[in-house]
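After this come two complexes, each holding chain A, first together with chain B and then together with chain C.
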Partner chain A sequence: MTFKLSRRTVLAALVAAGLAAGSLAPQARAADDIVLGGSIPLTGVFAFAGEGIHAGIQDWVKMVNEQGGIDGRMLRYVPEDTAYKVDASVAAFNKITGQNAVNLYYADSTAFSKTINPELERNGKILMAGASFATELNDPEKFPLQFIAGPDYTEMFGILLEYVSKEKPGAKVAFVHSDTEFGRDPIASSTERAKTLGLEVVETIVTPPGSVDVSTEVLKLRRARPDYTIFHGYVLAPIPEFINQAKQMGMETKFMGTFWSMDNGIVMKMGEAADGFMGVMPYRYYYDDSEKAPMLEKIRQMRPEYQSTAYLQGMLTAMLMTEAVKRTLADGKELTGPNLKASLNSLKDFDTGGIIGVPVSIPGNSIPVGRIYQADMKQQKMVPVSDWIRLDKAGG
Partner chain B sequence: MDWLFLAEVSLAGIGAGGLYALTGLAFVLIYKATRVVNLAIGEILMLGGYVFFGFAAGLALPTWLAILLTLAVAGLFGGVVERLLIRPMLGESPISVFMLTIGLGSILVGVVELLWGANPLQLPDYMPNTPLFIGEAYVSAKVATAFAVAAVTVVAFLLLFRFWRGGVALRATAGDQAAAYSMGIDVPRVFSLAWVIACITAAASGMLVGAIGGISPTMGVFGLSVLVVVIVGGLDSVLGAMVAGLFIGLLEALTGAFLGGEFKMLATFTLLVAVLVVRPYGLFGTHEIERL
Partner chain C sequence: MRIGAAKQTYAADEALFDTTVQRAWLIGLFALLAVFPFMAGPYWVYMACLVAINIASATGLNILTGYTGLVSLGQAAFMGVGAYTVAWLEVNVGTPLPLNLILGGVVAGLAGMVVGVPSLRVKGLYLAIATIAASVILHFVFSHWTAVTGGVSGLTMPPGSLFGLTLDEPHELYWVIVPVTVLMVFGAANLFRTRIGRAFIAIRDRDISAEVLGIRLLRFKLLSFALSSFYAGVAGGLWVYFFRVVTPESFPLVMSIFFLAAIIVGGMGSILGAILGAAFMTMVPEALKLVVGWMSPWVPDAVALLSPVRTIVFGGLIVLFLIFEPQGLAEVWRRVRRFFHLWPFKT
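Coming up: the complex of A and B.
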C-alpha cells in the first residue's frame, strides 16, 4: 500500500498532533485544586486591560501556590481569551466549567456578568467578580454570587463629587460620557448625587462610540463654563483632544476621569496639556512607596517594570476570592457560591497589603473607597491630592 | 440664536467632514476600478497610523520623512495585497472578495496588536497646535489642517481622473473592462494602481485621524463609519465622497450641538435610509451599481 501525502492528510495529521499536544499540555492537576476560571479579554477592544488583568491573576496564583496553596490545596488558573465578546465569553465559561470543577470566575464585561448570572445561580458553586464596575452589579439581591473589587461607577462619581464639593462648594460640574452602556452607567444617579451635595450639573455631553473629532462637544462645553468636567466611558481617546482644544479656547475647567482612564501609562500618553488631569483610583499605583505596602513591594520585586492599574485590579480580585475560599474552608463549610460570598461579606477591615490604602470591608457587592490623584507631567506620575475617601463611612 | 456658536459648530462639522471625504476616497478608488468593496480600508487606515507612529516615535525620524515613508509603505502594501490576494480572486463572486477583505482587516488588527500591543497610543504632535480663528469663530488647528490636506487631495484626484493618462485608464476600466482591454489598457496594472493609491490615501487619512483621536487597534471602526458616507455619495463617485463627507460631517456636528451626541448616528443613518430609498446607487453613483 502506498501512502500518498495529500494536503488533506497533512492537515489531518496536524490537527491530530495539535489535539495530542493539547491533551498532554495541561499542568499537573489534582482533584482538590481550587479552580479560578477566567473569561479574559486578551484581544479586542479591551485587550489593553486584559493583558494586565491576566498578569495580575497569574502572579497572585503563583504567590499563593509558592506558599503551599490554600489550606494545602493548589490554586489553578484556567483562562480563555474572549476578545471582549459576550458570546465568546459565554462559550469560554461553558468550556471551562465543563472541564473543571470551577470555584471562582473572572468575568470580562458587564454584559457577560449580566448574561451569565442566571447560570451562575443555577450552578451555585462559583463566586464571580471581574472587570466591570457597573452600578447594576452592585446589588446583592440580583447578583448574589458576584462582587466588584472596588467602587462601582456611581460610587466613583460619588467620590469625585465629594472631593469637588469640599474643594469648591457649589461648583459647576459637567459630565462627558460615551454613548455606551459603560458610559451611561453613572450619569443619571450622579446628577442626583451632585444636587444633594449642592453642586450644579451644567451640561451633560454624549459622544458616539468611536467618534474622532470632538470640536463640537468642546464648543458645547465652553458655553456651559463648568468648574469641573468629569469624563466617563473612555480609556484614552477622545480625552487628550478634548483637553487640548479646551485649553486652546482658554477654558479653565478641571478635567477628571474614572478608573479605566486613570492608569498612569494611559494618562502620561495624554501629553503636556493633561498636566493636572485628576481622577478617582481605588488602588495605590505600582510605584507608590509613600507608605508601607508589602504587596506593592512584592509586585515590584516580581516585575521591576511598571504594572498597570488593570494588573492591580486582577490581583486584588484574585486576592479577595482567595480570602473567601480560605475563610470558607476554615469554617469547615463546603465551597459553594453562597458560602464563598458569605465569607467574602465577612471581611471586616481587611488588609489588602497596601493595594487599597485603608482596611476594607465588603458588606455588599462593592468596596466604595477611592482617592483623588492628579497627573504631574514633570514627574510622569499620578500623585495623590486627597486622602482616601470612604463612601461607606460618609454615609453615601 | 447664537450665530457665532452656529458658525463654530458648522466649521467643526465641515472639518470632520474633510476626514470622511478623504477616507471615503479610498473606498471609491478601489470600488471604481475593481468593483470590490474593500472592508479593510478602516484597518489599512489604522496600519497607516501605526506605521507613522513606528517611524516618528519608534525610530524618531523627522516628521516629513516619517510621513513619506508611511505613504511608501502603504503603497507597497496595497500593491502586494492586490497582487497576492485580490488578483487570484478575479472572476470570483463579489461576496468572496468582500469576505477576503474582512479577513484581511482581522489579520491587520492581529499584526498591529502583536507589533505594538493593544494599548491605545498617542501620535507625536506633528500638527500645528495654535488655535485658529476665522473671524471670531474658533477652529481646532488639527481639524483645520486635516481638512486642508483632505481638500487638496480630493481636488487633486478629481483633476487626475480627468487629465492624467492613468486616471483616464482607471475611468475607462471602471466603465467597461472588456472594452478597456481591447483598447490596449493594461487592466491588471490599473487594478494594482487603484490599490496602491487607495492604500496611500487610507494611510494619509490614518495619520490625520490618529493625530486627532489617537491610535489603537480598534480605530478601524472609523473606516466603517465612512462606508455610510460613500454609500450616500455613490460608491463609485469621487465627487460623491467629497460632497457626502462634508454633508454628513456638518449634519453630525449640528445634530450633536443642538440635539445631543446620542442623536448623531440616528441622523446619519436616517439620511442613509432616505438616500437609499430615493437613489439606491447614491447621490452621485452610477445607476447599475451592484448592491451586496
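Coming up: the complex of A and C.
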C-alpha cells in the first residue's frame, strides 16, 4: 500500500499539530498570581524602546519572583506585541484581560492610554502606567488609575528651564518641536513657564517628525540667536542635522533634549558635533557608578552590556507597580485599581535602588524629578552636569 | 454536484442570492453573527467589531478603486473626516447616533467629492498622489483647526447611546457596528445591479468608451468618490464610537495603504473580496500572534524573539498571495465553491 502525501494532508497535519501544541502547552500559572499585562511595541517605529522596556520589566519580574514573589504570590508578566498601533494595543488589552485576572498594565502610547482610560475605570481592577510622559495623563481626576514613572513632558521642560535660569539668568531660549501630539505637548505651557522664570522664548520652530532638510529652520534659529535650543518630539532625526548645520554656521547655542532623545546610544549616534548636547533624564544611566545604586549594580551583573534608558523606564515602572501591590496587600486591602493607586500615592521618599538618584514621592500621577546630563563624546557617555532637580507644585 | 439552477421568473434571475443553498448559507451566517457575542470572549468580539469597521471602509474603497478604477490613498483621511464629524456632533450637539453616522458619512462624502475633482484629468499613480496630497491637507486641518478638532490632542467623546442604552463596550457596540456594516455591504452589492454601478464598471473598463456610451464622466467619477468617502465616513464614525478618542494620528497614510492592500489581497472589484481582504489583513497579524503565544512555552521569550519574524511572515503572505492568487481571496473562495459544486468530479 502506498501512502501519498498531498499538499492538503500536509496543511491539515500542520494545523492539527498547531492546535495540539496550543492545547498541550504547559500552563505555568497559579490562580493567585499577580498579573502584569503589557501592550509592548516590540515591532514598528517604537520597537527601539519597546525591546528595552520589555527586557526591563522581564528582569524586574525575575528578581521579584526569585525573592519569593509579593507576599508569596508570584508576579506574572504577560506581554503582547502591538507594533505601536492603537487598535492592536486595545486588542492586546482585551486579549490579556480576557485570559488573565490582570492587576497591572503597561501601556505603549499616549493614544492607547487615552483610549483605554474609560475601560480601565469601568474595569476598576487595574493600575496602569506606560511609555507615555504626556502632560495630559498627569491629571489624577481624568486618569485616576494611571501614572507616569517620571516627570511629564511639561515637567521635563520645567526642569530644563529651571537649570537654564540658574546657569544663565535671563537667557534666550528657542523651542524646536515636531508637528505631532508628542511634539506639541509641552510647548504652550513651557513658553509661559519660561516667562515666569525670566527667560525669553525667542523662537519656536515646528518641523515634521524625522525631517531631513532643516536648512531653513537653522537659518531661522541663527537669526533668533538663542542661548539654549530645546528639542522635543523627536528621537534622533533631525537633531543631528540641526546641530551640524548650526555648528557650521558658528552658532554657540547649547542644544538640549527630553527623555526619548536622551538615551546614550541615540546621543552617541549624533556624532562628534553633538559633544556637549544636554538634556533632562529622570533616571541614572546604566553605567553611572558615581554614587551608590544597588539596583544599577544588580542590572549590570544581570546584563553586562549597556541597557537603554527605556530598559530603566520599564524596570522602574514595574518596580513602582509592585510596590503599590505590596502596600495594598500589607494593608489587607483588595487589589483594585483605586486601592493600588492609593498605595502608589502613599509612597513617600521611596528608594528606587538608585535608578532615580533621590528618594521619590508620587502624590499625583507623576514623579517631577530629573537631572541634566551632557554628552561627552570622548568618554562616549552622558555625564551629569547638575544635581537632581525636583519641581515643586508651582514649578510643575 | 449541483446540476443547475432553473429560474422561472425574471425576479429570481435578478436576485442577489439566486439559489436556495446560498440563501441557507446566508441565514446560517446571520444566525452565527447573532449568537457570536454571546459565545465569544471580549477579545474576539472586539476583533469582530474591528474587522466589521475595516470591511465597511474597504467596501467603500472597492467601489472607487475596484469598480470604478480610480486609485485612492485617501481612504483613512476620509475616515478621519467621518470620525471627527461624529465626535464633534456627539460632544457639541448631542444628536442621536444614527444621525451622527449619516452626517459623518455625508461630510466625508462631500470632502471626497472635492478630492475627486482631479480624477477627471488624472488617473492611476497620478491620481494616487493627488489623493495623498488631499489626505495631507486633511491631516493638517485635523491638527490645526483646534476649535473644532481639538488640535493635536484631538477629541475625546462620551460613549454613544441608542434607544436609551449606553454603548461603551465592544459587545454592546457590536449590535451597531455589525448591522451597519452588513447594510453597507448589501448596499454596495446592490449598487452594481443598478445603472449607476454599471456606469462605474464601464468607466473602469474604458472611460472613453463609457463617455461615448453617454456616461457623464465627471458626474459618475465624483459620485464614486462621494460614495466611497461616504462609506469611509460612516466607518470612521463607527471607529470613533468604538475607540472614543480621535487625534490627527488616528488615521495615518499607512492606514490607507492597509485598505488598498486589503482590496488587492481580497480581490478588486468584488464585494466578497473586500470582506475577505479586510478580514485577512486584520486577523492574520492576530492569528500569527496566537501562534507566537503557543510557542512561548518552548521558545524562551517568544514574544520578543518571534514578533519581528511574525511581521516578516505577514509581509511574505501578502507577497505570496499577490504572486499565486492575483485575483485575490475571492477567487480562492470561488474555486472552493466550484469544487463543491462539481464534486465528485474535479474542476
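In the analysis below, the second predicted complex is superposed on the first by the 376 of 396 C-alpha atoms of A that agree within 3 Å, B and C clash if a C-alpha of one lies under 4 Å from a C-alpha of the other, contacts with A are read in each partner's own complex, and residues count from 1 in each chain.
The rule is short, and it goes like this: a residue touches a chain if its C-beta (ideal position, glycine included) is under 8 Å from a C-beta of that chain, and two chains touch if they have at least 3 such contacts.
Computed from a predicted model, the values in this text were never measured in an experiment.
Of the two partner chains, chain B is the only one that A:Val235 touches; chain C does not reach it.
Shared-chain residue A:Ala31: touches no atom of chain B or chain C. Once the two complexes are overlaid on the shared chain, A:Pro208 sits against chain B while remaining clear of chain C. Once the two complexes are laid over each other on the shared chain, residue contacts for A:Asp179 go to chain B and to chain C alike. Once chain A of one complex is fitted onto chain A of the other, the partner contacts of A:Ala83 are limited to chain C, with no touch recorded for chain B.
Contacts of A:Ile266 after superposition on the shared chain: chain B is touched, whereas chain C is not.
Contacts of A:Thr43 after superposition on the shared chain: both chain B and chain C are touched. Legend: residue contacts after superposition of the two complexes on their common chain; A:Glu51 is shown touching both chain B and chain C. Counting contacts as defined above, chain A residues 43, 47, 51, 179 meet chain B in one complex and chain C in the other.
Taken in their complex, chain B has these residues touching chain A: 5, 8-9, 11-13, 15-16, 19, 110, 113, 117-122, 125, 129-131, 138-143, 209, 212-214, 216-219, 221-222, 225, 252-253, 256-257, 260-262, 264-265. Partner chain A is touched in their complex by these residues of chain C: 41-43, 46-47, 50, 143, 151-154, 156, 159, 168-170, 243-245, 247-250, 285-286, 289-292, 294-297, 301, 303-304, 307-308, 310-311. Taken in their complex, chain A has these residues touching chain C: 18, 21-22, 25-26, 28, 40, 42-43, 47, 51, 54-55, 58, 79-81, 83, 86-88, 90-91, 94-95, 97-99, 111, 114-115, 118-119, 122, 136, 179-181, 183-185. Across the complex, chain A meets chain B through its residues 43-45, 47-48, 50-51, 179, 205-213, 215-220, 223, 235-238, 240-241, 244-245, 248-249, 265-266, 269-271.
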